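So that you can tell them apart, the chains are marked A, B and C in the order they are listed, and the count of residues begins at 1 in each.
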């Protein structure tokens, strides 16, 4: 703990973190509590559980969480741990059940988490003390966020700023067309740092950079003639369509912006052609670029005219990270007619694999005695945000522990 | 250590253990010393080493142990670590050798562990100081128990109580017809807790519950008409045959009882038919139900009229456990004529796989911040015994360490 | 740390080490700093990078190192960690590039490690503060040694003593004909201890002992009539050819000696026949036995008349070790004509596999409570050197830490 405090104290703003932050299992164990169990964490999309009884599970730090659609249309969120002896209740990624029945001893909970059946218990057993533990949930146009903490941080500023950008894409009226999880051989923070800059894009992502501009701001000083012509033209169009586009003031916790695609691309596909002929929500114009969104600790999302991409990062250990990616299309889009899964998924599958290699090599290199925190490039300003936020969360947690 | 003490102090009797007991590698490291190197641990059957020079190896905590049949018919038990540079001496699960020869530098020990050859040693080398280290051994009708500790706990009460139940099955006159090891993704205590109750049987073990009654006591209050008729009828028969059946007073350390099978089953097989036509020992009546036996820390045994099942649990790490299962039939039973291995092994193979899944999901769920020790059902009274015994052993060890 | 100090203090000279030295990950973490980042470590052969721009990478403890041939013919040695965010720069085992370009963000270093390109950096960024970190390098007749420490220990005594033995084999005029890495399930010190004695050879290495004598000294008291006749005859020949052969006074840090082969073998091959018809350097006589060399912490080499064997040991964790072996022949030898890779590699491939099994069983056995440090045989005198050197390095490191 003293070592962690000292490292936080000497942390240089605008620089990558000291090596132990990326390699110490003891620090990861603290991060699970200090970050993943304190923050709002993206867990999925309401359109994944359209009908009462549908549920999905998601991992938040070391916790499995159940998201269950209720008869009323509301969504319950529970910690996936039976109140008897702690077994996981829902085992797979998704399912359907009118009640939550633990597979171990058939303890049964209703859609509100109330224990409605527990066999062979002694006379003094009180079911009311053994309801499922619920967690805080926020639903923003179908984007589901969960907070494990009993005192969740504010969510409303995020909603106020960001919802106008994504609401037109109607995430709640989508379906998951494809989903993929990969294990990266890198610390979760290196996976995020990799994602938070496009400084590396030109050298590594030929598929992605057909459509995506490396510029993360409308007034990027590196912008060429093409972009300086394109940006105001698209901005005008968005304004006419009522689509907000300017960067939101999210500080170091979240980010949202709408930017055009390059190469006349309509979608983040290998050739810029649409991934789905059925546009999202009530959109009529296919040529809209995309809204890009990020929220600490670990999820990024892209909202195009035709598909939405969700990516979530979960630490497995100090040197392994799970990346789960979902591709969503309009709920009425027909596979084989409106969209082809291979075409839809190809760009981000390739990009994820490339990033996985970059992060793994970054991880290995930071073990060296030769590694010391290096300075971020100007286009890596989001990494400064991320490491500042990270340092603050860790310091805050340690202060809280010290006061105990 | 302070954390462990605090957890032991606040442990609630009749409840599962706090999560760290199931997930901390530091606690497992202590358990190896406090439990597996203090208690009598079941290591195999004398019938596995019928002839002089036959040996088997077994794992007791972090120690490999050699059981060697001597010319006199007695059995030696040694720690499997050469006194030269510590290599394993016997490498496989079983073998035959008139002397124990270390494969590294051919140091050679006789059947009593005396060092009879060590090449190239200096003049002042004293072989007598480098004999194999023996460990305490008990042989109960062929059931072999080893204790690593120099001050083994009492064994005689166990022998006095339990031997009359198993002697009629003559374990010493058997042979291993089939043997299987699986690695479970769960803490060893969750594997034991799973085994110590049949509350989960109806929901998970269709093969096992064809023959095995979920009732662990003759006067189980849940017993239906069928069982209340069956039990006294069988008890009368056992009494006539001289087979004891009442639960022994083993406290929280061991357990033995004889119970009938249901569905007119003769054996724990998929359809209740005999697994081996050659009955065990001198038994004449195939319809005897079975004697069930358990001894801390981690082995359970079933003694039927036709086969014996041995199961042993060895921790690999905090989250991995080795389960070794052996199926024994009469030494004169002929494979293909008296018994078929698939038929013999099917029920417990299936049951072990099912239990492995249950324990793994239990393990995962107890990582959650939502997990807190839950109350045992009435039919889980053996888990109360187990956790009480466990808590006591750990407290005793810590006291001993504190006094040092 | 107190436990480590106590173990070092009670270490018995001439005995193997206490079990925790072989099993504690905390001790390995210290060894990486105390030993692998303090000593000269063998990393390869200059003949592996014959042309300007050729590079190889090697692992020194937890560090990847780049060895790059410069235009001048000199060799640069760098820590393989980009000064931007720490990524590995060179990814494979070997390659060719006129500049070192980090694959992450294309930071580019020249052959002296100077940063010559870094895009998008802010105005106050000073490239001169972000040159690659170089490490000390020694080239002894083509044998490359690297030291991570800023205060490397003396190398000149080693060079003075050993170079005359190996120079006639001209390692700098070779090529790697075959290369192989295996992961051994044993602590790195057990891998070294295994290598430092041939007490186990007769029982385990039928292929190796066709040519290699188990005697490590010319005056081995165990020598039989054959060897006592052979040794002076070969010594006379070596003297005539100007090939030194007596054991060098390397203390506990290094060793070099020339010894004859037995069975009229010309080379360490399955039948003693030459592995390569093209002799090394300017050697004319094929019947020369071999020079054997060792340098702490973990590499051994054999120099025959026809091929050179390099073996290097790198710890992966307390219980896993990487062994990299390279077989070198004359640079002009033609595969298929002068040498056949299978014939060349067979003896040491088999020997490495056999040693890997021995070390793994040694590792497992030293976990036992029955294990205590055992006495070395007379022919294991090099293990006394190794453990003495090891103990000294660890004590020195701890003293240095205590003074901080």
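As a convention for this text, contacts are C-beta pairs under 8 Å (C-beta built on N, C-alpha and C of every residue); 3 or more make two chains touch, one makes a residue touch a chain.
Keep in mind it's a predicted model, so treat the numbers as computed, not measured.
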Angle of the C-alpha superposing rotation, subunit A to subunit B, to the nearest 5 degrees: 120
Classification of the subunit B:subunit C interface as same or different, half of numbers criterion: different
Between subunit C and subunit B, distance of the C-alpha-averaged centres to the nearest whole Å: 47
Interface hub residues of subunit B, defined as touching at least two other chains: none
Of all residues in subunit A, those that touch subunit C in their complex: 16, 19, 193, 199-200, 203-204, 222, 358, 361-362, 364-372, 374-380
Complex contact set, residues of subunit C against subunit A: 37, 62-64, 78-89, 91, 103-106, 118-122, 125, 130, 132-133, 148
